[in-house]
Structure formats: C-alpha cells, structure tokens
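What follows is a set of structures to go through.
Here subunit A shows up in two complexes: once beside subunit B, once beside subunit C.
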Partner chain A sequence: MSGLEFFVGHYAYWFVVALLVLGLYGMIVKRNFVKKLIGMTIFQVAVIIFFISSAVKKGATIPIADKAVGTAESGLYVNPLQHTLMLTAIVVGVATAGVGYALLVTIFRRFRTLNEPELMERMRREREAAEKQGNDA
Partner chain B sequence: MKVANFAALALFAGLLIYAASGLPNRGDPTAVLHRDTSPAGTPSAPSYYIRNAYKDAATPNMVTVILADYRGFDTMGEETVIFAAGLACLLILRRKRKNPQGEIEP
Partner chain C sequence: MITPYFVIIPLAAAFLIPLVSKRKTGPAVLLSLASTFALVVLSGYAFFGRSGETLVYRMSGWKLPVGINLVQDAFSSFMLVMVSLIALTSLVFSPRYIDRLGGDAKYYSLFMVLVAGMNGVVVTGDLFNLFVFMEIAILAALALVAYGGRAHEFEAAFKYAVMASVSASLILIGIAVAYSATSSLGLATISRGLERQSPILVLWVGGLFMAGFGLKTAAMPFHAWLPDAHSSAPAPISAMLSGVLIKALGVYVLIRFFYNVLGAPPLFLQIFLVLGAVSIILGVLLAIGQWDIKRLLAYHSISQIGYILLAMGLDTTLGMIGAVYHMLNHAVFKSLLFYNAGALETALGTRDLREMGNVSKLLPVTSGTSLIASLSISGVPPFNGFFSKLVIIIAAVQAGQPLFAFVAVVGSLLTLASFLKVQKFGLRGGRPVERLIGEVDGGMKTAMILLAALCLVTSLLIVPGIRETTIDPVVKVIMEKTGHAQIVLEK
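So, the complex of A and B:
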C-alpha cells in the first residue's frame, strides 16, 4: 500500500482522534463543569463520526432503496446499520447531556459555583461547620 | 498534575493513532465490515438488510426499516432510556417544598 493511499484511507480516523483528544482534554483539564460537559459531548460526537465514516463504501449511494439501482447488489448502498445505531446513540447522548445539565443547575442552586476546586472548598467548609455544630450540641 | 494530564492525553492520542493504522481504508468495499457473508457462512446483517428491507417492510428507507422493524426492541429500549432521563431531569430540577418556617426541607 502506497503512502498516499494510506493517507487518503486513514486521515478521517486522525480527525476523529483529534476530536477524541479534544473532548478528553476538556473533561480532565478544564475546571468548569459546563466545559467538562461540553468536552463529554465532543467525545460522544467523535465516536458517532467514527461510526458514520466506517459506513462509507466507495461507489455506493445513500441507503434508500431505488428502483433504478435495485437491491440485489449490497455493494451499491452504504452500510445502513451504523446509521441506525448512531441515530440511537445521538438521542441517548442528548438525553444524558440533559441529565448532566440538570445536575449542574442543582449544584449551582445549592453552592453558587460551577468551578471544581471552589466547589470542593465550599463543600469542605460546609462539612466542617456541620461537624462543629454537632460537637457543640 | 498538569504534566500528568497532558502525558495521559498524548498517550491516548498515540494509542488511538496506532490502533487506527490497523483499520481498513475508509470506503474500501472489501472491508470485513461490508462483507456479504459472515465467517460462519450466514448472510451478514447489513447485506441482509440492504437486500430484504424493501421486501420485508415496503419502506424504501433502510435506516427506518432497521430502526423500527428489525431492531424495534432496541428502539423501545432507547425510548425507555429517554423516558428515564426525562424523569430524572424532572426529579432533579423540581423545587423542594418549603416547611412553615420557610426553610427548604432536604
């Protein structure tokens, strides 16, 4: 396999790798919870793009049965299975992101911050205050 | 701490690029993924769907047929997940009832 052929066949995967690393960067380096969730969404989208790109067949058309093309030859349509599975994955991803943002709203209502170190500090202070109160009583 | 994070990211990227070099070319119609028959000799799922979707469900869109007919139970499970997520959002975001002293009960 020549170098150019390898590049043309694999550059899509490298874009996916870049998106995955970007998402993971957002999740582990950023301190703001909203940015962490955005990183998680980017990670999910990268996985979805990877699956969709694996459905492509050279010389194939969209997976909608066409009388002019016929359905006897499976090589004439792109792989429909990945499209279906990713349709499911997108919907589930949106639902889980919604739960995540709802949790963030609750955290903000309770602690008035979405910054991770600051939140840890406030939780620690609150716990110490509660322990002090318990000792006094 | 910072250095460990970026080392982990670089390791992750290197591992993924190494793994990607073993994947078939994008769009290669002879890839294992697009084969007509499985190693056991049975027709593989995507080829079966392409050949029989219109015959089985009289719907031209194969994605719709797979989603709603062949894998209908999968879709039902997905709807269960969405229902659970909606319920979870509702329970999380619901304002807590206040007691007579005006304090929010846990």
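So, the complex of A and C:
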C-alpha cells in the first residue's frame, strides 16, 4: 500500500486526530474558561466519532432482522453496540459540560470575568482584602 | 446474591434523601448513616464470610460475551470494606461541619451518589460499565468540591472537571481500541482476547489506560489538579477524595487492569516503579513548602500514592502485600488527618499553619489523634504506616531494586520532617490559643477517635495469622493475573 492510499484510506482517523489536537489546543492554550470548555467538548466529540467509526461496515444494513437479508450471516448487519455505548457517553459528556457551565456561571456572577489571568488576580486581591479585614478585627 | 446491593443501597438512599427531608437535615443524616452502616455490615460479611470466593452476578441472566456482569472477589470486597468504613466516619464527622457551610440535604444525597459510583467501579466486571460508574462518582465529587460555595472552590472544581473529562476521554479511546480488537467489553473476555493480539496493540491499550487512570490516581506527571481540588473541598469530602476516591477510581483499576487483564506486562510495571518513586520524592518535597494544612495533606496524598504504585510495580507477592496494605493504611490515616484539619478549621477559623498555635489544652482529642495520624503517615512504630512501609521497603530490596527501597526510606524521612512542621506550628508549638471561635462537636470527636483506633488496629494485620485471612486472599486474587479471567468465565 502506497503512502497516499494509506493516508486516504484512514481519513476518518486523521479527522479524529485533527479534532483531538484542536480540543487539546483549546484546553491548554486558551485563557478564557468558556473556550477551555469548548475545547473539552471538541475533545469528547472526537472520541465519540472515533468509537462510532469502528462500527462502519460497507454494504451492511441496519441491525433489525430483515427477511430479505436473513439472519444466518451476521456480517450483513451493522454492529449497533458502539452506537448505544456512545449514546451513554454523550449523556455523560453533556452532564460534565453542564456541571462545567454551571460552575462558570457562578464564577462569572461573582467576578464578572472568565479570563484566567484576570480572575486569578481578582481572587488574589480578594483574599488579601479578607486577610487585612481579619487582622483589623 | 449480595453484589448488586452495593450499588443499589447507596443509589436508593441518594434518591430517597431529597424526598424525606425538605428543610431539616435530620432525616437525611439518619438515612445516609443507616445505609452506609448497612454497607459496612454487608461488605464485612462479603470480605470475612465469603472470603476467597469469586461471586459473579449476571445482569438479566445474560452470559459473559453478551451480558454485563458484576464480579466480586476478595480484592473487590476489600475495597468495599475500605470505602464503606471511610464513608461511615466521614458521615459521622459531617453534620456540624456541613451546617456551618449552610448545609442542606443535597450534600447527603450527593455523598451517597459518590459512594454508589465508587462501589460500582469496584464490583463491575465490564469495562464500559466501569466507565459509567466512574463518571457518576466524578460528577458527584465535582459538585461536592464546590459545595462550600466560595469562588476559589468553584475554580478548583472547574479545573477538576476539565482534567477528569480529559482522563475520561483517554479511557474511552482505550475502550474503543480494546473493543475493536476483542469485540467484547467484559474484563475477563478482553483478557482472553488480548492474549491473541499483537504486543503493539496491548501497548496501545495499556498506554491509554495508564494515562487515563493515572490522571485519576494523580501520580506525579498527572497530579496538577489534586492539590486544588482536595484542599478546596469540605473536610469530610477531602477525606473521601484523598482517602478512597483516588484509590477506588485510580489504583484499584490500575491493579485490576494491568494484573488481571493484561497479566502484568514488565514494561508497564517498570513505568509504575519510576512514577511511584518520582511521586514519593516530589510529592513530599512540594508538601514541606506548604503552609495551608489541607494543601500540605493533599501533596502528601501524591507522595503516599507513589508508595502504592512503587510496590505494585515490583511484581512480587510481598510487594503486592505492601501495596494492598498501604492502600488501607493510607485511607485510614489520611482521612483522619483531613478530619483533624477540618476540626482545626472549625475551631480556629483558619487553615494557615502560621496562624495556629498550641491547642493541646483546648482541643485534646484533635491534637491527640492528629499526633497518632502524623506518626502513622511518617512510618513510626507501632502505628500502621510503619509496617506497610517496612513491607514495601523489604519487598523492593528482595526484588533486587535497592535504589527504589532507598527512595522509599528517604520519602518516609521527609514525610516525618513535614509532619513535625505541622505539629510544631499547628498544634503544639507557639503561643497557646486562648479562645476558640467554633466548637468541635461529638460527631467530629467520634469520627477522629474511631480512625485513631483503626490506626492501631490495622497494624495488627501484619501478624501472620491475621494476615492469612485478610490480606493474603486479596493478594492471591491479584497475583493469579490472567488466570483470574478463567475463574470468572467458568462461573
């Protein structure tokens, strides 16, 4: 197999790898918490696409017993397990993202910013103010 | 069959708690205490009564390649005993502490979800099921870390959420690779399937799981989230996170996967040795520099987890005895130390060691139990930490790894140094504290005394006669390696 064929033949994997890199980039480099969370979601979606891509079968039909196809040859049906697993994984992912956004909303209400360096600075200032107050009292 | 009840009881309690208690927390406390107590009794029965047996529960009666099964052997039962014991003391400690944070019944509900998730991870025999239980535990833990409601707690919980989801995604890729190669999700069938696959594939699966569960374990290169998350949580939750969560979700799964599924591949065990040694030294060095008592304890968790990883990387029976024993001991004394920190925070209103003083007169129980816990974690006889560290060091020497034995000794000495600092600044040295701003109530004292007693009781496990009925069956399950899959499949 030539290099080009290898590259084209695995296009789904390259797409997944690109998404994974994009998600990681968002989580590590971006300074805004919402952008970090978007990066996290892209990362999760890439994994889900990777899982689903392993279920692809050329020329197979949906996994419902069909008289015209018969049940003797299971290879004529697509494996439904990956899809059901990923339904669960999507629900889990939504839950994590939901908790993440809920936390961000609370942080934003308190500090009016979601920029990481700015937030750190404000939290530090607030802590110092609290300590000063404690000393006065 | 008792296995499913370890998940059903806490999950049912979690859903009942909001129903029975709207405003008052009384019924919630009672219900959660009762269900955790039931778990302690059940897991004690499973561990001592059915020891050495492997119980397999098939959901809806489907056999393994098709169905999902729960597998409970001595190792699972051992973890269940540990989780329920620490959960019980944590709940005994909680009521007053949580009231101070403006507590409501939600706390107890989330707590029970956390316990259900951990128990689920420990008893499941299915890889995807394990993933789901893990996420249940993590989501509950996230909410509990942010429970105090202060801004930096939300920030720590957010950081934890991102790290947890990265690790979950890595694990999911690992599951995808394992499923593609073996067309099954049961741990036992994966183990049989991977034996026939190329070593490169095993390397892929192992690497992904190592990174994923390594993040949960918080061994050294993966540790960044732990100090923030564990020190921001309320004290009883810190005790649960440091005491059992990183073990049930991290170390347990690593041992189960690399020994019982992959059959202890030497390359990965070498990596565990190195990770363990690095964690021991760097964790404790970072801990010494801390002034916030809970951050200091959190860094010590990294260091102590290093001991467990080092011992499991030795691949000898004695090393595994050390790993399992240290896991239990660390759960006991680290939880106790976090309770001490919580009691000090309640009584003095600060977590900064520099602002504390001599409290041995005013808080005799707290300072006494914290002395016991500090001596245990530093490895001073006759407390439990001494014996498990001794076993690990002897095992390292016997396995022909004197360098790692030396690392373990140095780590232990540095631990002693950092806890001398805690005792000197936090509890015994300095000017005496004149008045307390909060009261350490009976529940807190009971929890601390209970665990301090356990620090002494668990050191009895080293006595050969007792060890044969407690730790040896656990180690036997682990050292069966892939033979364990055969036992599960035959059931």
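Following the convention adopted for this analysis, the second predicted complex is superposed on the first by the 131 of 137 C-alpha atoms of A that agree within 3 Å, B and C clash if a C-alpha of one lies under 4 Å from a C-alpha of the other, contacts with A are read in each partner's own complex, and residues count from 1 in each chain.
Here is the rule we go by: a residue touches a chain if its C-beta (ideal position, glycine included) is under 8 Å from a C-beta of that chain, and two chains touch if they have at least 3 such contacts.
Because the structure is a prediction, the values reported are computed rather than measured.
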{"item": "Touched partner set for A:A60, first subunit B, second subunit C, both or neither", "value": "first"}
{"item": "Which of subunit B and subunit C A:Y77 touches, first, second, both or neither", "value": "first"}
{"item": "First, second, both or neither for A:K36, with subunit B first and subunit C second", "value": "second"}
{"item": "If touched residues of subunit A are counted for subunit B and for subunit C, the larger one", "value": "B"}
{"item": "Touching partner for A:A95 - first (subunit B), second (subunit C), both, neither", "value": "both"}
{"item": "Contacts of A:L103 with subunit B and subunit C, given as first, second, both or neither", "value": "both"}
{"item": "Which superposed partner A:G9 touches (first subunit B, second subunit C, both, neither)", "value": "first"}
{"item": "Contacts of A:F51 with subunit B and subunit C, given as first, second, both or neither", "value": "second"}
{"item": "Intersection of the subunit A residues that touch subunit B with those that touch subunit C", "value": "54, 81, 88, 92, 95-96, 99, 103, 106"}
{"item": "For the subunit B and subunit A complex, residues of the former touching the latter", "value": "2, 5-6, 8-9, 12-13, 16-17, 20-21, 23-29, 33-34, 36, 45-47, 49-55, 60-63, 66-67, 71, 74-75, 78, 81-82, 85-86, 88-89, 92-93"}
{"item": "Sites on subunit C touched by subunit A in the complex", "value": "128, 131-132, 135, 138-139, 142-143, 146, 151-152, 154-155, 157-158, 161-162, 164-166, 168-169, 172-173, 175-176, 179-180"}
{"item": "For the subunit A and subunit B complex, residues of the former touching the latter", "value": "5-6, 8-10, 12-14, 16-18, 20-21, 24-25, 28-29, 53-54, 56-60, 63-66, 71-72, 74-75, 77, 79-81, 83-84, 87-88, 91-92, 95-96, 98-99, 102-103, 105-106"}
{"item": "Subunit C partner contacts - residues on subunit A that touch it in the complex", "value": "27, 33, 36-37, 40, 43-44, 46-48, 50-51, 54, 81-82, 85, 88-89, 92-93, 95-96, 99-100, 103-104, 106-107, 110-111, 119, 123, 126-127"}
